[in-house]
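In the part that follows, the structures are each spelled out as structure tokens.
Okay, so chain A shows up in both of these, paired with chain B first and chain C after.
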Partner chain A sequence: MTAVPTIAPRPLDARLIWVVAVVLSLALWLWGRTLLPMTFDYPKAWQIPAARWIGAAITWLVKDASLGSLAFSDITRAFAALVDKPYQLALGLLANGVQQQAGGVMVQYVPPISWIAIIGIMALLGLWAGGARLALLMAACFSFIAVFGQWHSAMVTLASILVAVPLGVAGGMFFGILAWRYPRFERALRPVLDLMQTMPVFAYLVPVLILFGFGPTAAVIATLIYATPPMTRITTLALSRVPDEAHDLARMTGCTPRQTLWRVLIPSAREPLMVGVNQVIMLSLNMVIIASMIGAGGLGFDVLGALRRLDFGAGLEAGLAIVALAIALDRLSQAVAHRGTAMARQGSLIQRHPYIASALALIAVTAIIGLLIPAVQTYPLSARLSTSPFWAAAVQWINITFFDTLEAVKTFFLVWLLVPVKRFLLDLPWLAVVALLGIAGWRLGGWRLALLTSGLSFLIAATGQWEKAMITVYLCGISTLIAMAIGLPIGILVATRDRLWTVTRVVIDTAQTLPSFVYLMPIVMLFRVGDFTAMIAVVAYAIAPAIRYTVLGLQSVDPRLIEAGRAMGCTRWQILTRIRLRLALPEILLGLNQTIMFALSMLVITALVGTRDLGQDVYIALTKANPGNGLVAGLAIAFIAIIADRLLSASARRARARLGLEGHS
Partner chain B sequence: MRLTLSLAAILCATTAIAQDSTDPIKLTLHDWTGQLITTQLMGEVLRKGGYNVEYVQADYLAQFAGLETGDLHVAMEIWETTGREAMDAATATGSVEVFGPTGMQAKEEWWYPIYMKEKCPGLPNWEALKEPACAEAFSTPETAPKGRYLGGPVTWGGFDEERIEALDLPFEVIHAGTDAALFAELESAYQRQAPVLLWIYAPHWAPAKYEGEWVDFPTYDEACYTDPAWGGNPDLAYDCGKPFGDIWKVGWSGVKDKWPGAHKAISAFSIDNDAMGAMITEVDLNGKTVEAVVADWIAANEPTWSGWVAK
Partner chain C sequence: MSRRGAVGSQSNPSPMTTGTDTLICRNVWKVFGARAAEHLKAVDQDADRLAALGLVPAVRAVDLTVRRGEIFVIMGLSGSGKSTLVRCLSRLIEPTAGEILFNGQNLLTASDTEMTQIRRHKMGMVFQHFALLPHMTVLDNVAFPLEVQGMARPARESRAAEMISLVGLSGREAAFPRQLSGGQQQRVGIARSLAAEPELWFLDEPFSALDPLIRRELQGEFMRLQSRLHKTIVFITHDFDEAIRLADRIAIMKDGAVVQCGTPEDLVLNPATDYVREFTRAVPRAKVVRLASLVMPGPVPGGMPTLSARATVADAGPSFLSGAAQVGVVEDGQPIGTVQREDVIRLLLGGDA
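So, the complex of A and B:
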């Protein structure tokens, strides 16, 4: 957490200021529309032409910027070429083999690794890292992909994930460690992280395409921008929460700073770090759809194509293949983290490396048999399963049977919740909102925070985006509240029940990695286009961090404290509310923060079902190839996120200070 | 005889290669069937002509960034009606060139399923929509008593709000965010035989799958969009239907120098709506693969395409 100096005003003054501010805002709201219309609609003449400036800056960066004689775009292209090398290698091994076109005829020199061999290798990896059960899971996940005919697309996607995830984890840890070492760097980094995570990908897609070229590498880079921030955040948090004893131990045993970090701190922060790795994998897989729009192909392309045909079953199968990849990779990475270092084996080369040896043998054997029996090389068409007709029938049945009921539910929510909140927010004078945000910032974190919150919100108004921003706040706010209201109780319920948590984890991993497109279109069929459909999609996506971080927080509470509570005769309710929830507060607030971020990042997707918020602006800017407008709307979304994040962290800090929880962090 | 012919074809192919670069020509694939067919037709014809071809999956609008830098080479379907703005912006840079029309015409108009004729007997004449009872039949709780018209994504333009005002129709426009959402609503309504009035375009599988009709608006004329005096409403423009438009072939302007023969072939490519509509139906409704349908067309239409790649 950053240490913004807290200049707490005397409580009486503060309360008075609040009362005055609220009364003034209320008066402005009631009578200002006629007296001071400019406090409701920001005057056009004073608007800052930020879109034009940013557009010009992008054009300059792309076309004219240079370091000496080297053009900026040459440098980025060279970087793209560097990333392309491992990608081509992975793609060749997994999907395409070695092939070349000559005179319009494709010649296959070497086939890719056969599907049987890849399933076998995955099982071996599982066996090595986590034993027979994991081996079975890995084999099941990859068999699922083969059986449902997604093999080639899945391998293309896997190739780009195999390149993006290590880069994201390494980069995320690097910046996370720097941020933990140098608090000043952390303060500079935080807004950048917020921007990276909340700026809709569509907003920077056009510049990324121009700088890095059209194709899989641009997709990998866009994925990195989006998927790295959680790793950085969690690295910093995890390192700063390592108990003092570990530091003392390192000091006593005479570790150098580097040894302290790598030998003591990172191993003791392994569990939370793996949550970060998990997030990088999940978010990378989340980008699969958008990546496919800029030439990555793979499963994302299949999902988009299937939904254009309204073939929900095919879309769901491709989507579930993404989930299968996610679950396999996630469980594998977690098992690797928990695996202790094994004893070195004795004997011949093969005896010392039994796993590598059997993997190589498997590749060689299946390749040779594959030459004779093609089904061994490529999964046979005739053995593919398809559930398309079933899903089409299921959606039709729900549609015909329940449409009227669902319509009634939707109308209830719209009339009693969505529309009133939207009206209220749209009705507020921007001046009052800016002022109230400023006062809240000042009370919670001093004048610096006040300057930040009021400044950013003023910029949103001054760039002429107030109305769209309020619609954004309305949609995300309601969705976040609903996601937390569902997610917190579930998190509390499953945190202490291992088996239930395993099941829940599968469900939320699915919710987070299943491309929202897959369920967006059936939801449109049942609820028509509009805000309610968008809200359901946002909640379905944003609920994952709400549950995940709650569980993480509750599980990392020191069991001795709970034991102590029990010894002192606390009831279960008291243990929950007084001890566990309180101690888990930092993680729960991080979860809330992430829920808001996730909700905001869904805005571009919900623009596809006809919402009229900032996400729609970004989408329109993309379709008109107008990077200026897109980035300005994207920045406005990011500003909303930053304001929410800062106010939340500041209030969390105050709460912890009041509870006496503020330790070394 | 056949042998000499194929020998001649091989010779032709080798001469083509001698002049043209052997680098693969990158054609972009989007996410709708018609475009996949058009692109793979072109690609297979180019392969027959001895060119190396690569298909790249790309977004309809995001691809222009790639076409400008020469990372991508050819986009086979840019619709006058939806892609004009991006296309103009790209050609203005000088790095993108229009290779001429594909021969297909994009039709876009208000469309309703045939069962709605019972509730609104005056259709397809647009004036039937002016009847309050008719508008009511198309309404939902949010729009009642006005009718609900589901328009395309905001980015498609289309001037439907203006059309409603100019023709004084008791309707409200709701914008779908994507065309997938558009057709999801149609599918939903069609299953329940529920009212729906929406923006449909062709060539597309929807008019083949669902039985319905286009609303008959006063025929589009250029003056209708620019001159308020034109048409039934003397004070407002847009008092007519939507325009028809070409579907264009667009590409990197370097194609001409790098693969002059391919440039000629791409410019010559032409196919009409009916042929395309039949192929789309084969794929989307009869479950054939795009590759199979393309191969069938290539086999059946050799005289047509051999002229495109000929010297």
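So, the complex of A and C:
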């Protein structure tokens, strides 16, 4: 026998390590409180005053920092102005027209583009990119917005999207190209992108607010921070996946580096890049509500206002308008991605550009008619529909009829599940948790991962946020488990039934574009504020990835293996449990990972309904405009997300390697 | 295997480079791995010792001479280093050591700008998977090398249209690559590689991704083009039959080294190693052996039918159908002798030359 060097310890040793670690932790838990109190409550004296440091740093940035004679705040304000100009232009065209303050009243001199013209232009865009069906869909989506009286808000939102998306795409591509060209830059960029994507948006709203001032511009910048990272990643990935032959071609034809990049590589990577553009659009739309907290206005503002008034109907309608906008822009950008470049047309200017010509004609004609008939210019109030009273009545009816039942359900969950788990987690000594996380990291991914997991969890303790972090973990953990418990069976059920899966997919797609705030409203109205409400909202939001990844995993199982199982006489149950679920395990683990990420992002929002976790800290910091506290709490949430993500990805990788689905290294 | 020094003087081209030799490789090495050049020198260019160091010698000590106007085929199985070698010839991959002389100029000492100019004006390349730009029409794809050079639109488009008609795709100028079949796409690739009127034409397994019937059709097309254009061609393939069909001379590669280099006839009649013999075993001699090697020198009686000395025995077969006992052979218009009926039949029936 030849000696094969083993990297991971043998199973017996590993089990032994676990037993020792758990026994030690148990002992600490039982008797440590009196002997080693500092392992339970991190000593105040040793705390890292990170919040104060960050606060001071931002104050310094705003007040004192300068580049030569140029103050830092001047630079940020100048950048804000740079974003503001195109935003004002888009806003004027779509929503406000040209107006001016005259004696305390806004007087409109030139009206914006009429609603009919905008619907027409959207339909034309659909026709150009994807044909008649897409044109119909675009028109339907925008008509829906008009009919339900969301027009003005939707146009304000659209204006900020129109500014944020090109900037996000350009910025994302810029950093993506740099990262592709300089691997060292990529290595430095990757953790930054991780943080940008896991940090709750609330956390950086305050710094953005302070640096860029309150208003739509700050909202656009916050949206950029949120929506740019995926574009950067996709750009780097797409460029590195361009086939070698394209590089060879560029060199053989004697392209300069610039010609190589812009004439050969980027066009070759067009399809994945368009996926990135699509992502930027969708993420920007996700952001609109949160951005409305720092002055974005538009649909997000309406949803937020409805939430504060607990007007479910109004919130749902504004929310659905966001969904309509999202569907329209999503399908449009996908169609553009798959559309080939058209052949140049011959003829006069109008013949060569029929779409632009008809759009301009539509704008001019409706503007002229609109002067005579106001209904053409602005959608008439009398023709608006609203379902708001219906929803309000429905919720009220449920509340009155089922009050006792609802209370009973809530109390049952609180007493038997939520409170005990919360107590247990809060009782744990932080030192033991940090150590166990470290061991888990070491077993799954070696000492690097161990250092990461234990280091980040230690930092949470060291910045004095342990208790709140545990509440976050408890709410997130329970919600994730429930979401998986519901999502997994649904996934198993629909995975083999194509038609059912089509329907389910439409439902979860819509659910994911529906702004998370909209979920909160009916639940708050039924269960009032508190942990249970937060849990339901998180479960409702986080169930989509649980279903999606289960189905993905089950469907990607090699059909030949199922056939083999059937040939061996397995029952359906045996095929499911012995073959399909086993092989789908890596995807299901990734689904669990995504579910946790979704749960964490929703958790921050549930802080609005009175949980006492890190999300609450972030939110309070926002209302007090305290950048230090907000960022520190936000970073703690990001750390929890990163720890969960790395541990689960590592175990998914191990599962894949064990199943031989990819090379074991 | 040659281990000649890699140092060559660029200003003083050897007498061999004048006249008919266009491209000369001397002791070219490509070694993958960290600090390859140092290690190569340190181990005194010994491939086995390189491998022991964990380095991968993909091309080792290759000496080649490509003559003006010939089709030079580099044949090898996958992993034999043929694609790496052809990329070394155009310096798409930087060789680790050696000398590559193109019309007397050492490419390995050329600056980047010089190399760009050489690639733009002197070299063309056809790729295995076509490498057409998906966002451009056929016309724009073919005009691309000219556009990169900065040629004005009307000039480059008329030149591109000419190339497209040369490869028989007139009428499809406005189509996009995805609307074409594989064979048509490769025709576009060929047209593009010829657009800048290169002197040296690289074809990297141009027909490997195509169906057998289309492959045969394009091989014929390729021969027709070459009979008009007389380019100097380096053609890469893994298909020995294709090599036999197209080549003036073939270099067979194995493990990064050239095992044997010669005319198809040489390889079939005198394989240098068992490896080469393995390839040539299934090749019918009659399809390779040319009349020149069967000819009995002597006068050719007037009125006797004649054939070119370059014709293969298989081509000559039908001439004996009428019962003739011998046929005259001419080389460059001059009669050089006759071939005998029994020699031809023996080869056609599978005997040795």
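The rule is short, and it goes like this: the second predicted complex is superposed on the first by the 480 of 665 C-alpha atoms of A that agree within 3 Å, B and C clash if a C-alpha of one lies under 4 Å from a C-alpha of the other, contacts with A are read in each partner's own complex, and residues count from 1 in each chain.
Operating definition for what follows: a contact is a pair of C-beta atoms (placed from the backbone, for glycine too) under 8 Å apart; a residue touches a chain by one contact, two chains touch by 3 or more.
Bear in mind that the values here come from a model prediction, so they are computed numbers and not experimental data.
In the superposition on chain A, contact of A:S268 is made with chain C only, not with chain B.
When the two complexes are overlaid on their common chain A, residue A:S292 makes contact with chain B while staying clear of chain C. Of the two partner chains, chain B is the only one that A:L307 touches; chain C does not reach it. Of the two partner chains placed around the shared chain by superposition, neither chain B nor chain C is touched by A:R241. When the shared chain is aligned, chain B comes close enough to touch A:Q396, but chain C does not. With both structures placed on the common chain, the touch criterion links A:L205 to chain B but leaves chain C unconnected. When both complexes are aligned on chain A by C-alpha atoms, no chain A residue touches chain B in the first and chain C in the second. Those residues of chain A that touch chain C in the shared complex are 243, 245-246, 248-249, 251-256, 259, 263-264, 267-268, 270, 340-341, 343. Chain C contributes residues 87, 90, 92, 116-117, 119-121, 123-125, 127-131, 133-137, 144-145, 148-149, 174, 176, 178, 196, 202 to its touches with chain A in the complex. Chain B makes touch with chain A in their complex at residues 13-14, 17, 22, 24, 29, 31-33, 36, 46-54, 56-59, 61-66, 68-69, 71-72, 85-86, 89-90, 140-142, 150, 153-155, 174-181, 183-185, 187-188, 191-192, 194, 205, 284. Interface of chain A with chain B (complex): residues 101-105, 205-206, 209-210, 213-215, 292-297, 301, 304-305, 307-310, 396, 399-400, 403, 407, 411, 414, 517, 520-522, 524-526, 528-530, 606-611, 616, 619-620, 622-625.
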